[in-house]
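Two complexes come next, and they have one chain in common, chain A, joined by chain B in the first and chain C in the second.
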Partner chain A sequence: MTGTAWRARAIQIGFVVVCVLGWIYVGNARLISPIFLPRFDRVMTELLRIVSNGTVFVYLGVTLFELFAAYALALAAGLTVGFLIGRSRFWVAVFEPLLNGIFAVPIVIFLPLFILFLGIGIESKIAFGATYAFFPIVLNTIGGIGAVDARFVTVAQSLGATRWQMFKRVLLPAALPVIVSGIRIGFLIGFFSIIGSEMIAGLDGLGSQIVQLGEGMNTAAMFAYILFVILIAAILNTLLSLLQSRFNRVAAAS
Partner chain B sequence: MNLAMTDRAGLRLSPGWVRAGIVVLAVVAWEVAGHTILDPEFISPPSAVIAAFPRILADSDIRHAILVSFYELLAAFGIATVAGIALGVPIGLHRFTLRSALPLVLLIYSIPQVTVLPLFVLYFGIGPASKIAFGVSHGIFPILLNVVAGAQTVEPAHLKAARSMGAGRLLIFRRVVLPHMVPSLFSGLRLGMSATLLGVILAELYGSQAGIGYYTQVFTNSFDPAGMFALVAVLAVMAIILNEIVRRAERRASFWRVTAR
Partner chain C sequence: MAFAGDVAITVEKVSHAYLKGAQAGLLQTLREVSLEIRRGEMVCLIGPSGCGKSTLLNIIGGLIQPSTGVVKVDGRVIRGPTPNEIAFVFQDNTLFPWSTILENVKVALEFQGVPATEREGRARTTLAAVGLKDFADHYPHQLSGGMKQRASLARALALQTGILLMDEPFAALDEQTRTYLGEELSRLLAKTGKTIIFVTHSLSEAVFLADRVIVMTARPAAIKATIAVAGAHPRGPAFMASPRFAEQRNELYALLRDEIEKTVGGLVGEEPEEAAPPMLAEQRG
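Right after this comes the complex of A and B.
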């Protein structure tokens, strides 16, 4: 990391420390009812308890299972459709505005339909997460292939490349950075929409657990679960950006 | 570049027409399927959805719900816009604030907002306030980040020139900073608009007794898909109208760019 990046990180850590100190102060001075803001130490004890006795991992397992199932569907569909459309400028011009338009409508409004069709179990969460994750993947795949320098394609064609060679040697490597960033955004959007759908109508998983604790006015445990989800999201995000930058370095070297 | 495709018969097809054709085909397929294979308790053909419009618009509760959602959306978008500009301009204009405040904005933005949705309901109640607040929390970040990016493009020389000619802060903002930011501001506004809509609808679905999000759930639970789709269409129209307003404002605000070309 460069100097500015270190400084930014230091500021962020300092901010978190200040927030935690403020939280402890507010809890000690009893400025806010513990139902609205539970004491910091109680939340931490709760967090340690759910992690050490493993309850949180049961819910995490359900949510991650939904996420990976949804993501597998979205990847397969998004990459296939994206490549099929992205190969031809004509079909890109036909479909890109259409897909962008659909993505602009909040798909969450159809969540009641997903629940109606697939029930309140994990199936509706998988389908909903897959729908949300599909769009960034397909749009970035189309965009990535569309942005491949036309000269590369012409050169490969004039050298007599077959369709498969064109795909493997020209289109795929040149489009990959953009596609990979779509794949990453799709993963995160899929994660958040699954948590959201669990909250709105779910029986299991982290999202529904947060809501149930909140409805039981057990705010300390609810805060612990929320912190846990934020941590998981941060870990997933860091892993993905590490993968992405490693990937881009390999791609740039080859 | 000419994107028209010539088929074997020599007919030239433009992408726009093909797109319209696909949409029409999809609607026809939906209509046919709605009368044959689909369960009418789960999904209705487009004709039934259109027929449902007068019915749902005649219901004063639903008219009220549409107004409530529109009010929440407008309020949230307004607050997100004002706050996004008010915070983004000072952050983007100075190196010191950029380096110290931007990391904080990015840190807060990295928190997945859905996870804190129950907190918004806890603090703001189940009325419109929690929807507006949640909408603001979604909408403000795209606006703020784009404003920051836009403010960074302002030429320091222009700022210096304006200052040396004795322009006050407000005048500098209106005449120098704002015109420079127009392109990124408006792309932020458009992103912020759809993010706000997402936040408001999410909060309405999560817990409320009013608004479009609530009634879509009511319609779905009472096996009235035609009413549900009609409401979604109302929502889509709402989103399109607001998007169009932003686009028009963009064209008006960037008139000088066109004449400069």
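Right after this comes the complex of A and C.
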């Protein structure tokens, strides 16, 4: 890392440290009632407890299962539909504004419908998360395929590329950076949707647990769960960044 | 086995028009172009920019269908890309940026249908032939403009076709690099005996490279004149310095001048002689 990068990293860590110190100070000075903001050390004790006795992992398992099921569906549907539409200028003209329009709607307004049709178990969470994550993936796939330089297609045609070769060797690698960024946004939106739908109408998972603890005024435990979700989000985000930068290194040439 | 001198490519009364917007109507780009190109011949197409030279080249290569007329290669009508007989070198950088130079050549061979076991060897041999042996594992963005075009040439040469179609391949390069690559191409030409059609808008490039320069009119393009250029390949700086070279270059410009005037609107010709700024007159001379 360069000097600038180190400085940036130091400031980032400093920001987190200041937040925690502020939290500790507010707790010690009794500026806010511990029912609203429990002391930092109490939350840490709770966090250690739920991690060491394993309760948090039961909820995590449910949430991650929903997330990965939803994401797998969104990926399969988004990439397939995106490629099919993206290959034809006409279908792009038809569907891109349509899909963009739907994506602009806060799709969470349809959550009651998902619950009505699929119940309040994990099925409705998976379907909702998959639906929401589908949009950025399909839109970026359409955009990526549509933006492939026409010269590359002409070159491949002149060389006698088959349809499959054109897809595998030209369209896919050319569109990959844009598609990967859609895949990443899709993951973040999928995670958000799963946690959100658990909080609104759920029996299980991290989201529903946070709401239940909050309603039971057990704020210290609730904060412990919130911190745990933040940790999980940070880990998943780091993994995605690594994946994306690997793809971008390959595509950096363009 | 075909021998040098017989006809490799026949263009018969090829016209081309396309719909340019709903209101604009048909735009005719080519008007009944007929042409015969002998095996091993180097032909340059030159004409005002936008006249349809590239369209003609793409029709010969089967990338565009003519509105009327046919193109025949070895007597067979061209109906689509024929990568076993015709290779392209395009203007600008059309190497795949996500692949190394070697991979670029190999993927071209894969598209052409060369068995996987032969691709690597053929790609390396061809890259060595154009002087890019040490750059096989570089990505296109790591090479200079001239090297990129040499790599594009290697991609086309690796296909081992009898015909090479080049669409202003050196247009994006500076004049020195372009002149040098022209010399290289001339040397290569002498060795391989390929049939080459070369689209250019450079007068010097046309005279330097061509056995025959075909001058096209402004759009819709037809053949205005053909100039034969004597001199065996490889040609070098001596060829370029000869009085005959300058003579033919001027002859070419005289032929093109009217057509360029039609394209750009013709300000120069309408002004009275003495009103022309001296600077401009000098530049033209």
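In this text, the second predicted complex is superposed on the first by the 247 of 254 C-alpha atoms of A that agree within 3 Å, B and C clash if a C-alpha of one lies under 4 Å from a C-alpha of the other, contacts with A are read in each partner's own complex, and residues count from 1 in each chain.
Please note the rule applied: a residue touches a chain if its C-beta (ideal position, glycine included) is under 8 Å from a C-beta of that chain, and two chains touch if they have at least 3 such contacts.
It should be emphasised that the depicted structure is a prediction, and the values quoted were computed from it without experimental measurement.
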Would you sort A:Gly196 into first (chain B), second (chain C), both or neither based on which partner it touches?
-> first
Partner touching more residues of chain A, whether chain B or chain C = B
When the two structures are overlaid on chain A, which partner does A:Leu113 contact: first (chain B), second (chain C), both, or neither?
-> first
Of the two partner chains, chain B (first) and chain C (second), which one does A:Ala76 touch, if any: first, second, both, or neither?
-> neither
Kindly classify A:Phe152 by the partners it touches after superposition: chain B alone (first), chain C alone (second), both, or neither?
-> second
In the superposed arrangement, does A:Ala8 touch chain B (first), chain C (second), both or neither?
-> first
After superposition on chain A, the chain A residues reached by both chain B and chain C are none
Hey, which residues of chain A end up touching chain C in the complex?
-> 151-152, 154-162, 165, 169-170, 173-174, 176, 250-251, 253-254
Within their complex, state which residues of chain C touch chain A.
-> 61, 63, 81-84, 86-88, 90, 92, 94, 96-99, 107-108, 110-113, 139-141, 159
Going by the contact rule at the top, pick out the chain A residues touching chain B in the complex.
-> 4, 7-9, 11-12, 15-16, 35-36, 89-90, 93-95, 97-98, 104-106, 108-113, 115-117, 188, 191-193, 195-196, 199-200, 207, 210-211, 214, 219, 222, 226, 229-230, 233-234, 237
Quick one: which bits of chain B touch chain A in the complex? Just the residue numbers, please.
-> 1, 3, 5, 15, 18-19, 22-23, 42-43, 99-100, 102-104, 106-107, 110-119, 121-123, 194, 197-198, 201-202, 205-206, 212-213, 216-217, 219-221, 225, 228, 232, 235-236, 239, 243
